[in-house]
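Got a structure here, written out as structure tokens. Questions coming.
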Amino acid sequence: MRDLTYREAVREALGEELRRDKSVFLLGEDIAEYSGAYKVTQGLLEEFGRERIRNTNLAESAIAGAALGAALVGTRPVAEIMYIDFSLLALDQIFNQIAKFRYMTGGMVKVPLVIRTQGGGGKAAGLHHSQSLEALYTHIPGLIVVMPSTPYDAKGLLKSSIRDDNPVIFIEHKGLYNESGPVPEEEYMIPLGKAEVKRQGKDITAVAYSKSLLLTLKAAETLEKYGISLEVIDPRTLKPLDQDTILNSVEKTSRLMIVHEACKTGGFGAEIAAIVAEKGIDYLDAPIKRVAALDSPIPFNPRLEDYVLPNENDIIKGAFELTGKEIPAELKLG
Amino acid sequence: MQKIGSEKLKEIFIKMLRIRAFEERAIAEYRKGILPGFIHSSIGQEAIPSSVCAFLRDDDYILTTHRGHGDIIAKGAKFDKMMAELYAKETGYNKGRGGSMHIVAADLNMLGATAIVGAGVPIASGVALGCKMQNLDRVTVCFTGDAATCTGAFHEGVGLAAIWNLPVIFVVENNQYGMSTPVKYYCKLEQLSDRAKAYGIPGVTVDGNDAEAIANVASEAIDRARKDGGPTLIDAITYRYYGHHMGDPGTSYRTKEEIEEWKRHDPIERFQGRLLKAKVITKSEIQEIQASINRELDEAVKFAMESPEPRIEDALNNIYCPSA
Amino acid sequence: MRDLTYREAVREALGEELRRDKSVFLLGEDIAEYSGAYKVTQGLLEEFGRERIRNTNLAESAIAGAALGAALVGTRPVAEIMYIDFSLLALDQIFNQIAKFRYMTGGMVKVPLVIRTQGGGGKAAGLHHSQSLEALYTHIPGLIVVMPSTPYDAKGLLKSSIRDDNPVIFIEHKGLYNESGPVPEEEYMIPLGKAEVKRQGKDITAVAYSKSLLLTLKAAETLEKYGISLEVIDPRTLKPLDQDTILNSVEKTSRLMIVHEACKTGGFGAEIAAIVAEKGIDYLDAPIKRVAALDSPIPFNPRLEDYVLPNENDIIKGAFELTGKEIPAELKLG
Amino acid sequence: MQKIGSEKLKEIFIKMLRIRAFEERAIAEYRKGILPGFIHSSIGQEAIPSSVCAFLRDDDYILTTHRGHGDIIAKGAKFDKMMAELYAKETGYNKGRGGSMHIVAADLNMLGATAIVGAGVPIASGVALGCKMQNLDRVTVCFTGDAATCTGAFHEGVGLAAIWNLPVIFVVENNQYGMSTPVKYYCKLEQLSDRAKAYGIPGVTVDGNDAEAIANVASEAIDRARKDGGPTLIDAITYRYYGHHMGDPGTSYRTKEEIEEWKRHDPIERFQGRLLKAKVITKSEIQEIQASINRELDEAVKFAMESPEPRIEDALNNIYCPSA
């Protein structure tokens, strides 16, 4: 199987769906010639033209609102909000209008649209270009929230998102675009709402998504050497959440760690923790552990940013803590 | 009375009568304490949607606001399903989930009623975009209030319509107040239609209590939009007789004199006078129409009252639709 | 001590602070003659005039942004966003600008402002006028989030909020405005960040705030009769949260219930559950229980709305569940 | 050259030189791969902030955007603290927490730099409101980009300034592109200053590469604002020589010819020619000034490089301030 980058995988999904279905189109700021801030839409203007690869005005609420309107009358818009930080400007449209429209009509309409955006830190992009805000979205009934961690998932989930008749918030990570991984040439789809066990293990269930999944898999390798076996679950879709896969794993491992890049307080990890504390508390032999960003705006200074964001070492430390083992000095975790 | 034929004039007039009667009945029901939630009456403003919608095709779209009963009726909504929605019944347009501020009649291409002021504007641009992309020659009318023109959503949505030359008409039902705040306070312009100048689209202010004047302006704008001539902003000046909603007497920020003065320019009376004079309609015809409207309303209220409530078992239906 | 309504208590706090400090002023939509949608600001225009009781344009991001600007140059604005549902229009200003401004400057400025708003359902106000969105705010570092449940707390906390040099989101509940309770004539303040045990108990710790606190206290009375003793804690300030008071109580009762009117998934209850699952899991003898709104937009129909929102019976049922006792048939909880 | 004295002209010119030199140095440092984050260069746009800020008092306020280096320097910011901020050092204006897009120099009444396009506009109105309420006769200048005029925040913020007649001036640094999107695409107006017509405030378009023209327009607007004459929208047309940020070559949406053509209207060269001709300044004076600027920049870079990083222990400071 060939390898693609996460960026290419997203692009390929967009291209395939644009080709397959004439009612699909893209709108967003600077997605045409400029190909978006992270060049995801490169080449699409040339193939599909300006009608279907539409630069908007600089107006996030117009982007989201226009996507809703267009979705109501038979097209399937894929809107891009350049950074999830800017999506705060569109939240009335996304939370009050898009999320509620179908329910409000008693089910008379459907709202088939996707909002693609990207978040996350690690690039010294500063406090308005680095946030992880998925938790805001997961609180709102009516939305589906997808956060892929690999090129394979990104492609398969985006295709499913575009074909789904519900509004999907599709959150990429700027730190993943250059990561590569196997993506089949043949068409495939990944169902929304299904987690995947990315690594089997027996001591600790680690739930992680987006870029944090990669950190967790790396940490798992180190931990393996020290006799701690992580079972790593990628929910992939945060809303609706595949609770069963998580609960089954915790039943097996009796320990739960959650890893995400969003601020800890009120992050999506809290929801996962709460679900397990409600439905699987008897499985647990240890406190639940959240490894997440410190509760801080993202500082510009890269060292501070590193400090604020969760990293491999934090995961390793957390795992030792959960198993009650001492951290070997050679690991130099400080 | 030049360009508009008498059939059309009559159609507009009947729409106005229907709106007034519905609104009066809704208020009466509300005052009995039976209707849940808020009612924002559009009494006094009937000429605007009646004239505008008279020039729309069935497959054209409209969007409206919290004060939308009139607009919805003008597009052809049924009294029974509307009244049932006000009663929060399963037989209402939204199956009782939406209420007065959220009525959607998708079968009439009436795409709601948002209660977030200004939020309909970008959505309307999107509807027009969707039509344009599918080469449908449908026009979208977005009704908004005057104060809605202050919102960021208005600016962004009209901005988008302007640059993509979308077939959408923004009709400001300018009742001169946003809640208690007079237009003169929140906008320093001579006329609100000058806001169009920020987008390079035509903007026109019209007497919103003069059905024919609106009809002329609206039919032209609709025509232009249908011929790919792009959006128009219509500012139609009118007045609401009641308070902001039925819980507001409407007099802490408006004088009784001002209200009385406006009632002397009642859009229905004015139009009726002209139609009678021009013999487009007769007094007895009007009486008959009103009687029939009242019968329809009696039935609508009966229908609403007798309709079932939504079932608790269905409470969580339609938050999502089944995945494709 | 005289009784005041919650509305009057808020109004009195505003009046006293406006009187005490000339740099305090109010801005918002229709707060002058109209006195706001719930008449909270009634009488203030007459006493303080149009300069200090300022009607704005219909523009939530302008209200929040203007409050920030004015706060930066020496005044102490108290902004009103009429419904928390509309605050979605101001979230860029509140989350990206207001919350981060001080941090962004390395501490060179302070941002002394209050945003008053109100939320909650129970009035058939429909899906754009009934939400409980506090969880969005509690996720953002830099904000203080206050949600008072009684007239006494509302007054004392609002005065502290206005005097605090940090941005405070002060969330009232439309269903509480007519509730009355004792409020001293003498001036008093309630410190931010301190929970209060509103009722001593020994079997279950129930954490509840805003209107849910009242429901919980009522449920506690019923439960008392059936031998279940609730210790009811009102965090009052959600961010920063007084974790100690909660953890100490759970240590005593070994059971935790959280009650709030926001949707369950991603609600603030998840955060409380997660904290206890992290720091107090050994105290627990039962699963954690969240009593919250079902994950649904708020329907207009009052019966459906009642069904979707949490009520006394849900709390009572939850308490029986947590204690493993059978629900007496006479309670008719269905 | 009528109204503006030669001292002022010189001041403006020196500001322009300072901005150009700083920006060039920042780019050079960035290209070494030492600076973290993004750099949005304002080279080509120097005349606008230089001329505007020359008419501000020290206690007047400015706000700016992601492309704010020029504006900040024009208000008097120190190279060393700016460069240290670009280097993310503890000695930077924001102690390394903000970076290029977020510089705030509170001591100079320079209140930031938001990286959310348009977000500064309502904040600026608030600053002006705060001044007005305290009877301070201070003026606030809000620099924004051209595409920023599309945002809801711009509309709401200017709207508020207009109705409260606030002492604030919105200066659009119109480099004719929002990222890759040309102004002609996202706005159908002949001139962007016509957006002022939506608010009933004065709007003027000016050659943003002509320092004196800007000076005339700006001094008038500042004067008016200070005398309680309310806000003004100034649209100053200019061009950025580099891409949107240093990672963008800037040529996928602009032709090389277009860029070259604009370089022929370089604001510094033009102004320098005129000043030399009018003998306001001599060649050797300019050389001296440039040499001194370069020394200052050498020192600034040295200062930045030698300055300490923020301490990890301080990472969580200043998220809140101690409660009052």
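Chains: A, B, C and D, in written order; residue numbering restarts at 1 for each.
Quick note on the criterion: a contact is a pair of C-beta atoms (placed from the backbone, for glycine too) under 8 Å apart; a residue touches a chain by one contact, two chains touch by 3 or more.
Quantities reported herein were computed from a predicted structural model and do not represent experimental measurements.
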Top of the farthest list for chain B, CA-centroid basis, is D
Is the C-beta contact count larger for A-D or for C-D? C-D
So, what's the distance in Å between the C-alpha centres of chain D and chain A? 36
List the centre-to-centre spacing of chain B and chain D in whole Å, with centres computed as mean CA coordinates. 45
Averaged-CA centre spacing for the pair chain C and chain A, given as whole angstrom: 30
Quick one: chain C and chain D, Cα centre-to-centre, how many Å? 41
Which parts of chain A, given as residue numbers and ranges, touch two or more other chains? 56-57, 59, 61, 85-86, 89, 92, 96, 103-104, 127-128, 141-142, 295-297, 299
Junction residues of chain D, two or more chains touched: 94, 96-98, 102, 114, 116, 150-153, 155-156, 159, 163, 185-187, 319
What part of chain D is in contact with chain B in the complex they form? 150-156, 159, 162-163, 185-190, 194-195, 197-201
Report the residues of chain B in contact with chain C in the complex, numbered from low to high. 36-38, 88-89, 94, 96-102, 114-118, 147-148, 150-153, 178-181, 185-187, 244, 248, 252-253, 309-310, 312, 315-316, 319
Residues on chain A engaged by chain D in the complex (per definition of touch): 29-30, 32-34, 55-59, 61, 85-86, 89, 123-129, 294-297, 299-304, 307-308
Quick check: in the complex, which residue numbers of chain C touch chain A? 85-86, 88-89, 91-92, 95-96, 99-100, 103-104, 127-128, 133, 135-136, 138-142, 239, 262-263, 265-271, 273-274, 276-279, 281-282, 284, 286-290, 295-297, 299
Residues of chain A touching chain B in the complex: 23, 25, 51, 54, 56-57, 59-62, 64-75, 77, 92-93, 96-97, 101-110, 112, 141-142, 144, 163-166, 191-192
